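Below is a structure I'd like to ask you about.
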């Protein structure tokens, strides 16, 4: 373990901004996609119930 | 001999027809009827291979047309809703080029005779097709039938926008074609004045 | 050729099957990504040259790999669809495209984030970055082409042709940009210049990649289910009960 | 029964399209004029320094030729699609891919060749020297047919769609990039005195590759559009 403290971990040796933006955006994209597919599926199921 | 085996067709998500099995023997005409939107055009396009069926097959001399490809194209003439002629070329140029592309005789003499046979006077032969009337444009498209030696004709509403005289010419041409052992598939609303024993009817309905 | 080989592997049967598989892939994706992140952040040592900024590669490289894998897989489904006239494979191709585009976007963005501290520039015209950008354009083109066509059958087949053309294009772009870079000496920066990778780093990266694979499986399957439902809703088979069944089987 | 030979079919397609182009000479003039005016705008925007112009010249001229090709793509199949000639073409008993080559060739003669012939004149505006002008013309002579071939795929895919003009640009521009790189690269290397042979032969390879694959892909796309 190379991190002395939590703040050191978040600082990432001075590159915190780059690292956390990268990981943050990736997480955001993936969660956003999951959410979008989830909602699309719910809507599709609801609509096919209406049709039948 | 042209055969369809359990043909099924749809347009978009809408099924048009299904399980159509008909046989067109040499010397006979198949008249396809049905209300607007019943799939007459799609059926004809399927028979000439422009549209692939959802199910079933079209057989020419017992072989699937999807295997025959170009060999099958060399047997047929298709005149669709669209005339397939260029508005900016003259009737003579149009027919000459399409006859050449079909691999047939495209000498000026023959082209002139074909245009006269559909009742287009000489004065119209060198005008741009653009200035002709709908009926005259249809006649230009149909003139290809007088140049053809191909056995299989698909005509989509050929009588539409034709006057009685032109309709008579066309009927006569159909009769002589059938007399030579040709085959015709026509989509039409009209009765065709041909001997009833040579006509087979198909009604498309959903 | 025109026979529908997949007539019996109907979408109705596939829908509940996909529903059973999605949770497993999701759990696997979650676990693997957590393990990968743990190794990446707590086990892997700080790089003596690049410092901690190198940790971006734990998302950048897997995302870049996924963007290319998914494109090839999408094109393969598209090719199968065209060859066998199989609708389910077109549905797979359709479902993969957005996920592929997303990974391409992530790869580009994280590439810029890694490039700024490492090369001092957000963007360089490196062969890999450029082909990644073109890959994004191609994904977007395929999605837009599909969206522009109303007729489903034509939409399926046209976007399949475009996907296959793109498969030829991307390697050509990669090599042409490399060639172009050697011509413009000086502007060329290559990612291959990064230092030799330690085993822990490689492990973290591979685990993250497998995690991303599992994620892609889960999301793609879920999206295929949406596509199936959307398509069934229009009465293609005129069979209303099948829609009911699909909805119940959820 | 009657079946045209390959040369008959090709000749027929080319002859019809050239005849039609002769009836619409203004269309031809437009794509040439577009290139001239765009190429002339750049020096006005960038400034008259000879060194700068010589540096950006190859890229500007190539991008202009590429845009001219893109703009003319809409004319390639649309008219035939609307008047039914395209479905008749699909029924000609010859491989549709061969007929596509005929159509693309006729289209290139009308929209690409004038640009190639005019390019030395445009090159002069950017202060390119004699040898470079030759390389520019040669690169365009190899490159513009390639662009037309690749563009035909996009034109066929977007046939009859809403907003197809913009869509075709989005689909086709990524595919144009290698041609642009090698084409502009050939001229640039000639400007800076390095030999342009390598770029030109790569451009030739692109031409052959597109010649082998694009007509086939276009034919598939056209059949899809006709369904």
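Quick notes on this structure:
By letter and in written order, the chains are A, B, C and D; residue numbering begins at 1 in each of them.
Keep this in mind: contacts are C-beta pairs under 8 Å (C-beta built on N, C-alpha and C of every residue); 3 or more make two chains touch, one makes a residue touch a chain.
Just so it is clear, the structure is predicted and the values come from calculations on it, not from any experiment.
Contact count check for B-C and C-D (C-beta pairs in contact): higher for C-D.
Measuring from the average of all protein CA coordinates, the nearest chain centre is that of D. If each chain is reduced to the centroid of its CA atoms, subunit B and subunit C end up 47 Å from each other. Note: centroid distance subunit C to subunit D, computed from Cα atoms, is 32 Å. Centroids of subunit B and subunit D (each the mean of its C-alpha atoms) stand 36 Å apart. Each chain gets a centre from the mean of its Cα atoms; for subunit A and subunit C, those two points are 16 Å apart. Multi-chain contact residues of subunit D, defined as those touching 2 or more other chains: 227. In subunit C, the residues that reach two or more other chains under the touch definition are 153.
Of all residues in subunit B, those touching 2 or more other chains are 52, listed in ascending order. The part of subunit C that touches subunit A in the complex is made up of residues 41-42, 45-46, 51-53, 55-56, 59-60, 63, 98-99, 102, 105-106, 109-110, 113-114, 116-117, 215, 219, 222-223, 225-226, 229-230, 232-233, 240-241, 243-244, 246-247, 250.
Across the complex, subunit C is touched by residues 10, 12-13, 15, 52-55, 57, 66 of subunit B. Of all residues in subunit C, those touching subunit D in their complex are 82, 134, 137-138, 140-141, 144-145, 148-149, 153-154, 157-158, 161-162, 164-166, 168-169, 172-173, 176-177, 179-180, 183.
The touching residues of subunit D, counted against subunit B in their complex, run 1-5, 8-9, 11-13, 15-16, 19-20, 23-24, 82-85, 87-95, 223, 226-227. Residues of subunit A touching subunit C in their complex: 1-3, 9, 12-15, 18-19, 21-23, 25-26, 29-30, 33-34, 37-38, 40-41, 44-45, 47-49, 51-52.
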